[in-house]
Amino acid sequence: MAAISLAPTFDTRPLDSKSAVPKAEARKLNFFYGSFRALKDLDLTVHENCVTALIGPSGCGKSTFLRCFNRMHDLYPGNRYECEIRLFPDDTNLLAPGVDPIEVRMRLSMVFQKPNPFPKSIFENVAYGLRVRGERSRRALEDKVEDALRGAALWDEVKNRLQDLAFNLSGGQQQRLCIARALATDPEILLFDEPTSALDPIATASIEELITDLKKKVTILIVTHNMQQAARVSDFTAYMYLGELIEFGLTDQLFIKPKNKQTEDYITGRFG
Amino acid sequence: MSAVPGEIPAAPQSAAMTARLAYRRSRILREKAIELLLFLAALVSVFTTVGIVYVLIKESVVFFQHVPLLDFLTDTQWTPLFDDAHFGILVLLSGTLTSSLVALSIAIPLGTLIAIYLSEFAPFTVREVAKPFLELLGGVPTIIYGYFALLFVTPLLQWFYPELPGFNLLSAGIVMGIMIIPYVASISEDAMRAVPMSLREGSYAMGATRFQTAVKVVVPAAFSGIAAAYILGISRAVGETMILAVAAGMQPNLTMNPLEPAATITAYIVQVALGDLPHGSIGYQTIFAAGLTLMLVTLAFNIAGHVLRKSFREAY
Amino acid sequence: MAYARDRREIRALIASHKRWDLCFGLLGLLALMVGVLTFVALFVDMAIDGVPRLTLDFFTSFPSRRPAQAGILSAWVGSCLVMLVTAAFAVPLGVAAGVYLEEYAPKNWVTDVIEINITNLAGVPSIVYGLLALGLFVYQFGFGQSILSAGLTLALLILPVVIVATREAIRAIPQGIREGAYALGGTQWQVCRDHIIPYSSAGILTGVIIGMARAIGETAPVITIGALTFIAFLPPAPLKPELPFVSFDWVMSPFSVMPIQMFNWTSRPEAAFHQNAAAAGFVLVLMTLAMNGLAIWLRYRLRKNIKW
């Protein structure tokens, strides 16, 4: 079995799976686009303060799965969830019909593939989530915006031009702004949907470094089409194929000694 | 046969070759001629503008030889056909302005509301029915709206306010406003639909509702298109003729009170055209001077709209 | 309100936001209703007053000082003839200009000037076209107050509509088809004549119908050039019994059109004439609705059928 060069540049201290506390759990999750079954009986645990990565070839359903967590599919007609995603510590089923998707989205935050800053100033972009939650006090907003921008490693670059339009930032800076925007509301889980696929390698590296930092404060679930990124950044990895979860485990284990032949084929590049 | 080494010897010209070359030459000529014809067709638009400018200026120049520009701009009476003739364009401008203000106070709020509703709230079926309907509404001939204003809206308003004169700027303004709603709504809605879904998803992912997303993210993002829609609405209101000619009366009246009858620039031109004015008389020239004023006003708005669009062009 | 931390506060906040959502949805619907109500009121009002008046006599009589005997014969015949002239000028000029701008025009200042002009002309009030026609066509060129002047004026008026529709229809044709045609050795004009124009013809037709629907209802420019509001005769017939069998005398004849007839009757104080106006208006609205409806239906069919 070929070993792939992991070349860990960041601290990916392997975790003992016993000391990891579950933050969210998908149980037998099925998802339908109309009559097409896109996700089949997914069972996956997302652990607190860890980075869990979803990998797999195009069309395997990893983004679909991610978007189930914050009920993004509810925005479009014809979609249907079956069974549950449970969020701890209060053990709520995020997909229950009685649960308000807006409330779910207030608890989880998402960073998208292509940076999507609003046509507002840098300050207003980060403050947006706070304003939606009813924060009015100028002082509190300024403090939280600064915290979020620091957390996204963007503060030093923009502290003197907070009123500038967000569009004037570079691609990497815009993505970090979106991360700051997502952080500002203290989410319970931070969802990343291929966050670096639209960025150049230098920006990508800075965001990966950021993610490794952030996991100390917040639980992260990241979808990536780049296996090496998953290997660099995540503690747990799930390999998906055609809507099914093929294998899930500690990243080091999955990449060095995958239990499933399909996983091994994908990781060693026998098919893409 | 060529004597220079290296040069390709010229083949003797056969009959077929000559024919082919001649065909090629005529084909090139034909293509050029067709291109020229098409180009001339495209130039017609330029000729139209030149024609408009020429006609308006030619007659206005003669007009301003009789009437000083200052009088034209500041006189408070417009009585061009009396013996003691006054030529104050302000009188007609006041009619245009008042009726346009009434119209826009209806068209802009309702049009924007409808646009936001159709773009962000309405289910698919409602939108598919509402958009063609709005198009039909905007395609109704303005004379019909004029009839409606005079013979339906005015009596209706008089039921609430019996002192309302039979000709008044209010009915005309209201009906004009409703007529302009489809223009404002459809252009604003197109601008809002052009905002990429990723921006909306970013907002929804933060826990925002449809209303919050629409008002805080989509509308600011579509601002230049919406501004263009408003400018178009203003242009339309200022240039409208028949509704005002029928329902507001054609009596020049310097007023900003919509409850009175008044003549707009456009209604005045119609009034003169309905009568019999000999070509070359001062009365004939007044309509061109009035038309020139109208052109300048609409041109100013069109340019403002163009500048607005350029400076707020969001690159997606 | 302080930053909502616990579950209950968040739920209350979301509930209040959702109330805004509901309010706004209702407001939007109400605003739409204003348009719907106006349209219905307009239509029903004219139908109630006008339909009883719609007899065969109405369509075959000339206007008269007695309302009961007045009819729209000269008006609708005039409208048809003017529309003929309008289409005869607007369609070739508009399509040719659209084809030039999309297929031939180089990217230089001349093209820019043309495009700016077209955009600008779309925003010029229709009465200014009337003034242009009065000064230029009626007097300078000497066409007089005739069907020709009216047709030319309306053609210029709807030219931007036809040009824009042509351009958009042409733009929808994928580049691959053009390249295929050129690769077979076609000249630019051959490609246009055999491919571009036929494939975009449905879109062009939609634009032409919309333009004509607009032209048929235009009153202001036609009044300005001096269409008569009371004519008791028809323009000379286009067909003659003797050689050369086709006559163009009608082109230079005085005339009236439907919207002007309606305007004339609306402006009279007698209620009986208002009834005539309602009848004429009803016919006019039906005509424009039918044309616009046809264009919308065509566009809908286009979107469904053409799968490039």
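So that you can tell them apart, the chains are marked A, B and C in the order they are listed, and the count of residues begins at 1 in each.
In the analysis below, a residue touches a chain if its C-beta (ideal position, glycine included) is under 8 Å from a C-beta of that chain, and two chains touch if they have at least 3 such contacts.
Please read these numbers as outputs of a predicted model, since none were measured by experiment.
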item: More contacts between chains, A-B or B-C; value: B-C
item: Furthest chain, CA centroid comparison against chain A; value: C
item: Rounded Å distance between chain A and chain C, as computed from the means of their C-alpha atoms; value: 53
item: Euclidean distance of C-alpha centroids - chain B vs chain C, Å; value: 14
item: Separation of mean Cα positions, chain B and chain A [Å, integer]; value: 49
item: Contacts with 2+ other chains: residues of chain B; value: 207-209, 212
item: Shared-contact residues (touching 2 or more other chains) in chain A; value: 102-103, 106, 132-133
item: Touching two or more other chains - residue numbers and ranges from chain C; value: 14, 17-18
item: Touch list for chain B against partner chain A, complex; value: 124, 196, 198-199, 201-209, 212, 216-217, 220-221, 223, 314
item: Residues of chain A defined as touching chain C within the complex; value: 100, 102-103, 106, 130, 132-136, 140
item: Residues of chain B touching chain C in the complex; value: 27, 30-31, 34-35, 37-39, 41-46, 48-49, 51-52, 54-56, 58-59, 110, 113-114, 116-118, 121-122, 130, 132-137, 139-148, 150-152, 175, 178, 181-182, 207-212, 214, 232, 235, 238-242, 245-246, 266, 269-270, 273-274, 279, 287-288, 291, 294-295, 298-299, 302
item: Chain A-facing residues of chain C, complex; value: 1-4, 10-11, 13-14, 17-18
item: Residues on chain C engaged by chain B in the complex (per definition of touch); value: 14, 17-18, 20-21, 24-25, 27-29, 31-32, 34-36, 38-39, 41-42, 45-46, 92-94, 96-97, 99-101, 104-105, 113-114, 117-118, 120-121, 123-132, 134-136, 139-140, 156, 159-160, 163, 187-189, 210, 213-214, 216-220, 223-226, 229, 259, 262-263, 266-267, 274, 277-278, 281, 284-285, 288-289, 292-293, 296
